[in-house]
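Both of the next two complexes hold subunit A, though its partner changes from subunit B to subunit C.
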Partner chain A sequence: MGRPKVAFFDLSCCEGCQLQVANLGEALLDVLGLVDLVEFREVMSESWEGRYDVAFVEGSVVNEESEQRLCEIRQRSNVLVAYGSCATIGGVNGMKNRKLLSDVQSTVYGDKGDWFPVTKTRALHQIVEVDYFIHGCPIHPDEFIKVLKSALAGLPYLVPDYAVCVECKFNENVCMYDKGVTCLGPVTRAGCNSWCVNNGNVCYGCRGMVSNPNQTGAEEVLRSYDLDANLIANKMMMYNAAMEQCDE
Partner chain B sequence: MTQALIRKEKLAELVTFLASRQKVVGPVPLSNGQFKFAEVSSLAEMALDYIPTILPPKKYFMPQHETLLKYDVAKGQQMEAVVEVEELTLFGVHTCDLAGIQCLNVVFSDRPKDLHYMIRKNHITLIGLECSDYCDSYANCGMLRNHLPKGGYDLFFSELEDCYMVDISTHKGESLVEESGLFEPVVFEVEKQLQTLRKAKKKIFKSEVPIRYQDIPRLFDETFDSDVWKRLGEKCLSCGNCTNVCPTCYCFDILDEPELDLSKGRRIRVWDSCQHENFAKIAGNESFREERFDRKRHRFNRKFRYPMLRYKRIFCTGCGRCSRTCMAKIDLKETINALMEERG
Partner chain C sequence: MSRNVSVNVEFLTRVEGHGHIIVDVQNGVLQKAELQIVEAPRFFEALLQGRSIFEAQHITSRICGICACGHSLASIQAAENAIGFSPSEQTIKLRKLLLHMENLDSHILHIYMLAAPDLLGVQSFIGLMKDHAEAVRRALRMKKACNDVCDILVGRHVHPISCVVGGFTKLPDNKQLEAMRKLLLQMREDLVPTVALVAALKFPEFDRETEYVALVSDDNEYPLLSGDIGSSDGVRKVKEEYREITNEFLVPHSSAKHAKLSRDSYAVGALARFNLNADKLHPTAKAVAETLGLSAPCYNPFLNTVAQLVECAHCAEEALQIVEELLAQGVVQSETVIVGVNENRSIPVRAGRGVGAVEVPRGILFHDYEVDEQGIIQQANCVIPTGQNLENIEADMHKLVPEILGKKDEEITLALEMLVRAYDPCISCSTHFLEVDFVGR
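Now for the complex of A and B:
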């Protein structure tokens, strides 16, 4: 049996997560020794007609064309991995879901809006079955490798379902709230090793919310810091708007 | 010699001496009046007048991520035990944190002994530092009598007028005192100053909650079904801050991390938390503590009641970290007060 055939695809996204993979550095050599890379537009021009053992799909579904493309990839793949916020939760593309689609089309394409019909932004799992999720905008290289190993070994990868605060405490960062800054860490699922906060930034919620956030508790916390709950909700919508319809 | 003294002007020299022998970690300032234990090479880098660090020194005894074993599937079930260890001196550890380490010692030396912990512990030299006043209003060391030294160190420093009184508790401590050549014999005047300090502390540190130490476990027994827990459950975000910063929380998960070739790998131990929803989840998706209030109540009982039954000691050190760090402002002293009020 040869090395597993692995392919990378992109739907609507900035392709930054593919760049993360291309930028793995030394680990990329190990990855390439392990798999047979058959399709990866960002780094090679070849394509593949056969079946994919593992397909990594970046980007979200924003029109019928991309929905079809995703379904085809799913049919041709044994394992499908959604990677990057656009693919796992809709990401920033989801912001348009809070507007009228016709307005969105005309904003981007002016009076030619009708030529480019779009649908509401959806994450991959809202359309096809997804076997593994690598959250994040962009994905964290370490987690990509963890998921790749799990996918190749046929083992489950459990995305942490606790708050970013956990890893942030492991890293002994001063809490952003103590610095008077709003941070989405307390309701965002971990797995990024509190990447942004380690580097002086706040958490933007790019990995999506923990599955069972304490909403009333969180609102009380915000009140105690004199923060408007709507402000936080809006911040959360930067990445998570496409998940709203999922909750309905 | 069981006691010695060191002049304040020689303290910097002592830290330099210690750092020349092995890695030294001490309290260093961060922003917003917070601190962490980190590597230092001189006294100037440290802030000895510090409030409890974000993480307690347990991170050196059981690191957040710790390799326990290495495996190679070619060798089948034969695994190689690994202890990642380095010689370390912990400088300026407050009495609450010394008490925390003592709790961990008790747990990890209970059968089956945790050899990783036991080995690492032997490579750590502990130099304690006495507090002369409360660090802030979150601390509750008085009710647990942890404002005073109760052993668990190699050397223990009490700051006096122009010197530190140093209690020498182990051979390791004794040889440091001898080898450094920086210490002097204790004189009567200094002994008197220490007595004065302790007398003053008696007035400062009182039980922060009106309950006697020996009555604490019973309070938690009798309030198991209290509404106080329901109220805490409504507030708690289950972020796990309280357990991560707790000097006596030691629960962990064990994971296998394969290398990319999938044939070799390591088994690692990672801090876990009873506050997480998945912590008490078992096969069939059942959970022993499904609700936030269950988990909150469990944590308090794991500090004040269960360890009393098993280890004859309370596993709260009074450091106040859980209250200090809680996003939802769940306060340990307020909780105990509320339980007492409700019980009547």
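Now for the complex of A and C:
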């Protein structure tokens, strides 16, 4: 038995998460020592006809071609990992789901909107079974390594299901609400080590919401700081819109 | 000689995004040469409508993982122009540093991992590991250095966190400046063997006189973050008039729009900048150009990769100089901003329109926003470097194919792939931000 065959694929996205992988620098060479990297279109011309032990898929499904491609990858893969917000929750691609598709198309392509057909944005697990999730926009390199190891060893990886605030407190950041701005930390899944707040910005919710967000608490916080609840609602829809139930 | 050639490269590898090359020759006559762009559109400009101008940087950064810092800088410039905000001198200096790191990082990725494998006869950098292990390690070290500087400066390179409308949400202290200085000194050292490596490569010979477009200015700085738009055919316009430069049009085989100016097509990118502004490069970069035999005007698109390396030397030297100036002066920490979506009203907002024009790795990038008095985006438009190059790439293919018809099919295919890769196309970008016509407004 040879080394596990690992492949990387991208659907509709910015390809920033595969760049995060390429950016592991020399640590990437250590990773490559453990696996057979068989496909990675952005940096390789090689391709592979056999089965994949682990397939990493980045990006969302936004048209019929990408849906078909995802199904083919799923059929050929023992383990499928969704990585990056576009793949795990729809991410910024999902914002268009709150608008009329025909409006979105004509805004960009004018009267030629039907030249490039699209569907509503969907995350991977809304179409096929996903074995592991690496959330984030972009993914955190440490979490990628953890998931890769888990996938190769056949062990589960549990995504933290507590709020970013927990990590943020450990990092001793001053709360963004105390600085007068709204932050999605209280309702967003941890695991990024409060990356954005550490750098003086607010949390935009790129990892998706915790399974049981404390909505009443969040509203109370907003009231006590005299902030508009619509601000938060609008912000949540930056990354999480594709996770809303479709009405159609 | 009458022969038939059919090239059909599906999902061109070692480029950013999804594209096919289609060439059809019948009885020795070229019928068709297309770079088909099959990337699914993401409609960013439509997504921006109705959102706060203070969210524009965060959203548009997501157009492209490679050029995230470039998009951020163009977005911030357009946003600040729209609301009438003027950044401080320190902020401008730090933004220039960020742009240098962006150009360095992307050029290194292209030179070593995307372009070099063709020139060294292997399929990817994994193939390079066998005979050029030291070069691969050096490339990864140089890329990591760029990432590390960006980590310090803006939190991370892919989707920067702390550069926002108004300034920076976190500023480097002296210890961090010292760390950046060390990384840049190592970068300077690593560039020497990189130049030697590229000097030994044999680039295809090909020439086609082309109109080049880049930022131009009347001062002595190599213009990357400010200036007017200029062309090698003598056109000059202020950035607000960018639509008169790009003259975009839609073709059925590409979800990214094409562009033209004085001729049927024009080119942007490192070679365009070099051709228009070579005399303003840092002396070290000028020396690198001489070593590599590059002089302006150069009409060989394959040498865009060489021009990128010349720019690497320029960016590394300028970045080092900025860091050393900041070390000498000290960073004014009180300039740190807390912005969010401006709930705290820390930045005054007015209704207006603003254009950002920034020289990012693949060429000149335009962002254009119009906001109402609350700072809500009414219109957004962006024109991406790769989109501007598409028509020119096809024009090159039309001249190149007849010249190499005597070669084997595989050689023709490889030559075409190399031509497209030389432009370092970023297809995700070019389809994610297209012309917006705002029908029905």
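Basically, the second predicted complex is superposed on the first by the 245 of 248 C-alpha atoms of A that agree within 3 Å, B and C clash if a C-alpha of one lies under 4 Å from a C-alpha of the other, contacts with A are read in each partner's own complex, and residues count from 1 in each chain.
In the analysis below, a residue touches a chain if its C-beta (ideal position, glycine included) is under 8 Å from a C-beta of that chain, and two chains touch if they have at least 3 such contacts.
Keep in mind it's a predicted model, so treat the numbers as computed, not measured.
Superposition model on subunit A: subunit B and subunit C are shown accommodated side by side without a clash.
Once the two complexes are overlaid on the shared chain, A:195 sits against subunit C while remaining clear of subunit B. When the two complexes are overlaid on their common chain A, residue A:30 makes contact with subunit B while staying clear of subunit C.
Contacts of A:165 after superposition: subunit B is touched, whereas subunit C is not reached. In the superposition on chain A, A:224 makes contact with subunit B only, while subunit C stays out of contact range. In the superposed pair of complexes, A:238 makes contact with subunit C only, with no contact to subunit B. Contacts of A:179 after superposition: both subunit B and subunit C are touched. Taking the Cα centre of subunit A as vertex, the centres of subunit B and subunit C in the superposed model span 110°, given to the nearest 10.
Of the two partner chains placed by the overlay, neither subunit B nor subunit C lies in contact with A:147.
Set against each other, subunit B and subunit C differ in how many residues of subunit A they touch, and the higher count belongs to C. Of the two partner chains, subunit B is the only one that A:212 touches; subunit C does not reach it. This overlay, made by fitting chain A, leaves subunit B and subunit C with a least C-alpha separation of 11 Å. Comparing which residues of subunit A touch subunit B with which touch subunit C, the overlap comprises 179. Listed in rising order, the residues of subunit B touching subunit A in the complex are 30-32, 34, 36, 53-55, 59, 64-65, 234-241, 244-245, 257-258, 260-262, 271, 273, 276-278, 292, 325, 327-329. Here subunit A touches subunit B in the complex through residues 27, 30-31, 33-34, 145-146, 148-149, 152-153, 161-163, 165-166, 169-170, 172-175, 177-179, 186-187, 211-214, 216-218, 220-221, 224, going by the rule given at the top. Against subunit C, in their complex, subunit A makes its touches with residues 11-20, 22-23, 25-26, 28-29, 32, 37, 41-46, 62-63, 65-66, 91-93, 95-96, 99, 103-112, 115-116, 118, 137-138, 176, 179-183, 195-196, 198-202, 204, 227-228, 231, 234-235, 238. On subunit C, the positions that touch subunit A within their shared complex are 11, 13-17, 39-43, 45-47, 49, 51, 55, 58-59, 62-66, 68, 109, 113-114, 117, 123-126, 136-137, 140-141, 143-144, 147, 154-159, 161-162, 164, 168-170, 250, 252, 255, 336, 338-341, 343-344, 428, 432, 434-440.
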